[in-house]
Amino acid sequence: MPKQKMKVASRVAARKFRAKTVGLPPGALIHVGEQKIERPVISFFDYDPGKLESRQDVSIEECLAMKSSSTISWINLDGIHDIPLLEKFGQNFDLHPLALEDILNTQHRPKLEEFEDYSLIILKMLEFNEETEQISAEQISLVLTPHYVLSFQERPGDVFDGLRDRLRRSNGRIRQRGTDYLVYGLIDSIVDSYFQILEKLGDRLALLEEQLIVAPNQDCQHKIHHFKRELLNLRKLVWPLREVISQLYSGEAQLVEETTAVYLRDLYDHVIQVLDTVELYRDTVSGLLDLYLSSISYRMNEVMQVLTIMASLFIPLTFIAGIYGMNFENMPELKQSWGYPAVWGIMIACVIGMLTYFKRKKWF
Amino acid sequence: MPKQKMKVASRVAARKFRAKTVGLPPGALIHVGEQKIERPVISFFDYDPGKLESRQDVSIEECLAMKSSSTISWINLDGIHDIPLLEKFGQNFDLHPLALEDILNTQHRPKLEEFEDYSLIILKMLEFNEETEQISAEQISLVLTPHYVLSFQERPGDVFDGLRDRLRRSNGRIRQRGTDYLVYGLIDSIVDSYFQILEKLGDRLALLEEQLIVAPNQDCQHKIHHFKRELLNLRKLVWPLREVISQLYSGEAQLVEETTAVYLRDLYDHVIQVLDTVELYRDTVSGLLDLYLSSISYRMNEVMQVLTIMASLFIPLTFIAGIYGMNFENMPELKQSWGYPAVWGIMIACVIGMLTYFKRKKWF
Amino acid sequence: MPKQKMKVASRVAARKFRAKTVGLPPGALIHVGEQKIERPVISFFDYDPGKLESRQDVSIEECLAMKSSSTISWINLDGIHDIPLLEKFGQNFDLHPLALEDILNTQHRPKLEEFEDYSLIILKMLEFNEETEQISAEQISLVLTPHYVLSFQERPGDVFDGLRDRLRRSNGRIRQRGTDYLVYGLIDSIVDSYFQILEKLGDRLALLEEQLIVAPNQDCQHKIHHFKRELLNLRKLVWPLREVISQLYSGEAQLVEETTAVYLRDLYDHVIQVLDTVELYRDTVSGLLDLYLSSISYRMNEVMQVLTIMASLFIPLTFIAGIYGMNFENMPELKQSWGYPAVWGIMIACVIGMLTYFKRKKWF
Amino acid sequence: MPKQKMKVASRVAARKFRAKTVGLPPGALIHVGEQKIERPVISFFDYDPGKLESRQDVSIEECLAMKSSSTISWINLDGIHDIPLLEKFGQNFDLHPLALEDILNTQHRPKLEEFEDYSLIILKMLEFNEETEQISAEQISLVLTPHYVLSFQERPGDVFDGLRDRLRRSNGRIRQRGTDYLVYGLIDSIVDSYFQILEKLGDRLALLEEQLIVAPNQDCQHKIHHFKRELLNLRKLVWPLREVISQLYSGEAQLVEETTAVYLRDLYDHVIQVLDTVELYRDTVSGLLDLYLSSISYRMNEVMQVLTIMASLFIPLTFIAGIYGMNFENMPELKQSWGYPAVWGIMIACVIGMLTYFKRKKWF
Amino acid sequence: MPKQKMKVASRVAARKFRAKTVGLPPGALIHVGEQKIERPVISFFDYDPGKLESRQDVSIEECLAMKSSSTISWINLDGIHDIPLLEKFGQNFDLHPLALEDILNTQHRPKLEEFEDYSLIILKMLEFNEETEQISAEQISLVLTPHYVLSFQERPGDVFDGLRDRLRRSNGRIRQRGTDYLVYGLIDSIVDSYFQILEKLGDRLALLEEQLIVAPNQDCQHKIHHFKRELLNLRKLVWPLREVISQLYSGEAQLVEETTAVYLRDLYDHVIQVLDTVELYRDTVSGLLDLYLSSISYRMNEVMQVLTIMASLFIPLTFIAGIYGMNFENMPELKQSWGYPAVWGIMIACVIGMLTYFKRKKWF
């Protein structure tokens, strides 16, 4: 039970941020959300088809050179709570104050925002906690320019390791292509990770269904409630992504080339598939609730039948026994030698009558 | 319970206004809604990048000068029940009778109405009463012209203090921009305050959920019903705002410049986020109702099982005891010395049989 | 209960009309619906900014003069069941047979039909019967031409008295304007009357909610069912009006001038507000049903707990008493002087045990 | 109960047809559905404003002459299972194989199909069986060409008798107009018959509702289920008709003239009214289910209260009586002369206590 | 119950595939889904109006000749798990890596993807397992080029035998037409097989409904749950097909000729009919759940009434008998000779009173 509580609490926290910004000018930089890392870390990849340079934990000044070079650069920042650092990013890479505000506000919906010479893409990286069975979200902001990509993460650890490996291999397609393909690769990694989460959720739902059929109990009900909420949340996080990707490939983002658009269309199909599956799971969960409720009803019925059969059989018998337990002086039956067996006979007849009745009613 | 009643009553009152206007010509000025302030108060801000003048409690004549000055002016009226004063506003600032009627009718949906040389924007400022857990709405009407902004409030006290502070500081962006940016600032303050209300609502829902899991009672049910209605109401108030802002930035309002439109697009995202959260809360509340109902069902089941077990165990035993409490003269078992222990034996066998049966049915 | 029945019957009657027209040519004039007045009555208003003539109960011939005069005329017919009279109207005012059929068929949805040189507008005037709490509809058909307006009502009595007063006053705006403004005035009066009905409905819902919280009974359930149906019906009657008015102001009706269109846009907002409120009430009613059902469930739980506690406490005790009511000769306990107090002791122990158990289960 | 079964079975049969066609080339003529008439019968009407010829049971060769004549002809075939005859129709009247296949497949949705020089319209003629309360559908296919109309029915008996009478009267509008008006007349007859069915359905729903309020039983529940399904089915059959008519009058069917289009627009309104009513009935039926379920719940509550009151009153009394039925030698109360009255006193006190408690709980 | 479990498990498996592809470059070929055949088998049909060649189990090289021949060829591959073979297909027939990836990923939604000189169509072939009552899907991918069609199946066995027969007959329409008509024929066969599955599902639903009305038990509930899920799944698989076919005939696929488009439009109608039926079944299933739940409720009511009647009749009688079983010395009634009959009289009066009460309550 405290588990449930904690989850709600954390979601509430998610709404807390805006309260702080009331009365502040738009574009004022405040980090909303919890600080998830001690010290922000900058790393970069700088490559063209022929060569690759990759470094961890560099200073912002070391990145500036790449801004104007003809190679493709991917500069990543883990930890966005350090506002002065972010402002420096803003000044050095000419980011609009509203863009910086969006990057800092980790409660944003996924969206694509076109600025004069760059695009800002906001995404959610999801993680499924095996123990609490909760999905937690981390916000990833991507800035796409002709020669470099900036990515901002809340904390270290992401789903881009496969992509990094492909960058390091010199023969991959990714090294031949521009920043738009790099951004596609980043989003693709994130969408692929959604499938993993759906798979885990599906396993849990299967377990829950099995338990519901074998032995429904109150814990099932809490779990149904829990998954319902997680799926609501998941849909809210993934749904806007559909539009983001469709805007990317339909030419709204001027930096995406036609050769990359075909990949984005494929990615769009994957997102649709994710959303389909979320809807399917939502229907499944609501089916599980029906199953739970009807199981409870059915079981109640069974319980009541047992009670009714027991009571209906024995209450009349007890009454008969009670009759001849009375102490009236004038009870002629008591004196007869056939009295006791006769009473037994009546009782057995009663029982047979009742059982026939219940049998006909199909109660057992 | 009287609490619940009061709330309904107040909402009903909200519908009362129209009854008064039946048969009146359109544009007839009647103040609908309750009078929320003793005496209307006019205040203004008059500024350009270089200087700022701000005064409280002035007369309408003092404001007229600003009408044609080249500075940006924001004239605010607290208390709209004084109809002659409002008519004077109308004449002096050339407002259409229908515009005045809309300002007076505090039951209006949020909307944007374009007139020849000004725009009328109607908004709702919301407040969450911590004690009654109800959301009350105050109507704000904004008149946007090239050189001044009029705002009409039902009562003093608003969410614009942060904005006023920014106006007073000479270096803020707001001092450099036109009336469209001022109006953006006003709407932004209102939308920011919605997040605060959502946060408080979220806290209450979290508390309610916890209580439902720990100890559901009839009070929970009334609270679920209450929040359901508040959210319905909230959605009804916020939903049209979406369209208002989209009309503002999409060029329907001719007074909004392109540089302000980018801020309004950002604001639009915030309103979408508010509506998403309202929908999420609505789904949450309906999930809570399911939880409540299934808890009740589950608990009923438990109660019935206890009853059935108790009755099924003891009713047969009582019957057996009743048998040997009969007073027939001819009951041979009664005379036997092993009779009494034998009866105990039968009884214990009965009990063990029943318990085994219930165990197998997984009743405990 | 006969009340409920009557209502359904009347709604069924509403569907009866079409059966009569099967096999008849389209445009055949048959009055469908009940005859609601003895004798049809014609009255008219004839005015221009300078003068006004108004007469009651005139013949159709007296109206013909106004057809070609330059003044604005409003000719009203109360009672449409007199088909020859209506045909005379049709011939004299050049109405299309389909238009006449629509006027006669009082089961029509609200609609706007454009004919060559006039527009036909069909509306519903609603009335709330305080006693039966039912909404009854009367159909109003308006024919809008450049110089006169025809209105057809099913029976005398309408919501246009305020409008008539304004016509009589020489200084009102309505006297300066054309037939389109007159039609606007008529529709406005009808929409204003909807607000009155919504207000009364709201009051009843508030009372019902209060009763549900204090003491839910089966009558509540029937009332919920009743209001649900009335709201369904109300929505069905008002919903198409939205489109009618939008067609009027959006230029589809060629007789509506731009100066009147601004008033119609305002009216459109009011209709949206009516529909919003109907939706809100529908959600409220379905919330009341949930409240009723969960109250019933909760109460059942309470009842069951009382039963279970009583039975669980006393059934074991009765069994113990039954044991020592047996008549075995060999029951050593009976002979002991401590037997009786000991039995009391055991019984009291039983009761305390049970109470502790129920307490721990939070049953009281 | 066998009734219910039969209905489902028949609906299933409706789906059977497709199985037969698997693997066949498209356009292969197979009659799907049951054969509903012994021998197909051809009849025709051939008319112009001046003269009319009408014959029953003619051969296909007798119809061919009308194909090229300048009069308007309506050729009707009752019974479509005779495939060679249909193929002859196809060859003689130049019908596309797909058109013939559509005519034969009596499970088709209503639709309008435009071919090069004719239009194919598929419709459903409905019948309400008073006894089984089921709606059965018969498919009508109309082929509209400039000079003749073909109609194909599954069996004799239709709703066109009124239309035939109008054709025979020489002064009707229908004789002056072309084939498009004839087709309008046919569809109008069918839509009018829908209103009759809705009226009958409405009567049944009213009866059902009355019974639900007076004495809900399990039969009600089966009827609710039955009507729900019939309405689902009805909607499925009528819904596509909306689009068919809208396509007809909006110019998609090149053979429909503007003067007929106005009648079709009116017809469209009628179809919308049918669909509105179907939706209203669906909502009504779902309201009836709520009513039924809450009645059942309420009644259960009542039953439980009676049980609880009886048990709570008498179980303690029986226990007290049991106490003094014990045979302990040492029970001092038994020897006292006030013992018996005292026990009665205690019992009466118990009863009064319980009754007060239940009274306070408002159980009776 | 293990049945249910298995099904869930298999659906979960369906989601497993994506997990494997995380971090891989897009277009990397991995077979996702289970391997359903030992050894892949290639077969082909090569025909023109005059001649036909058809062979089973050929090598890929034997097919290459047909690539450039002027005849129409249909090359079919059963078993897609052999990745090198598929890559060879890709190279020889110039398939895009993304196309190959889509073919291998058997979890794809149906879709149409246009590539430069061919179209990729992904479809689902469904099978209904009579025993487990589950629908299993097999993915079919079609590659449509001007001169040949490639089809990829997961395992041998399909619904195309009828089509093959028509190909072998030299006089069929299919031999006269191009590849677009062949593709139409393939899709048509698949859609026809959907009707078979719907028919079987309909039969099962009819049986289930009958059982629900005659004797609802917990097995019904599990079946309802089962069918609900199967229908959810079915809809998910068929829904996107609507769009695929509409894209095919609306000119988006450049290889489809106008003469084939008319057939595709007909096919589109069939798919709509499938979806309509799926929706109808979904509504039916949810109606069955309502039926089940209300049956359970009704039955509970009956059970409770029996219990209450039995208990209310006998508990008071038992109490009376208990009274006169007490052993007080001073109980004057016991000594009277009329005592015993009088008690019987009282008891009978009690019973008659109770029965009258229950009769009036209509409990039996």
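Chains here go by letter, A, B, C, D and E, matching the order in which they are written, and residues are numbered from 1 within each.
What we mean here is this: a residue touches a chain if its C-beta (ideal position, glycine included) is under 8 Å from a C-beta of that chain, and two chains touch if they have at least 3 such contacts.
All figures in this text were calculated on a predicted structure; none of them were measured in a lab.
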**Asked** If you take the chains that touch chain A and keep only those that also touch chain E, what is left?
**Response** none
**Message:** Please report the minimal path length, in steps, between chain A and chain C on the chain touch graph.
**Reply:** 2
**Message:** Do chain D and chain E, two copies of one chain sequence, contact each other through the same residue numbers, with over half in common, or through different ones?
**Reply:** different
**Message:** Quick check: superposing chain C onto chain D on C-alpha atoms, how many degrees is the rotation, to the nearest 5?
**Reply:** 70
**chain B and chain C: spacing of chain centres that average the CA atoms, whole Å** = 26
**Fill in**
Taking each chain's centre as the mean of its CA atoms, chain B sits from chain D at a distance in Å of 42
**Prompt:** If you look at chain E, which of its residues touch at least two other chains?
**Reply:** 293, 297, 300, 304, 307, 311, 315, 318, 322, 325-327, 331
**Message:** Which residues of chain E touch chain A once you look at their complex with the stated criterion?
**Reply:** 1, 4-5, 8-9, 11-12, 15-19, 21-27, 98, 102, 107-109, 111, 215, 218, 221-222, 225, 228-229, 232-233, 236, 289, 292-293, 296-297, 299-300, 302-304, 306-307, 310-311, 314-315, 317-318, 321-322, 324-327, 331, 333-337, 339-340, 343
**Request:** Over in the complex, which chain B residues touch chain A? Could you list them?
**Result:** 159, 161-163, 165-166, 172-174, 184-185, 188-189, 192-193, 195-196, 198-199, 202-203, 205-206, 209-210, 213-214, 262-263, 266, 269, 272-273, 276-277, 280, 283-284, 287, 290-291, 293-295, 297-298, 300-301, 304-305, 307-308, 311-312, 315-316, 318-319, 322-323, 325-331, 361-363
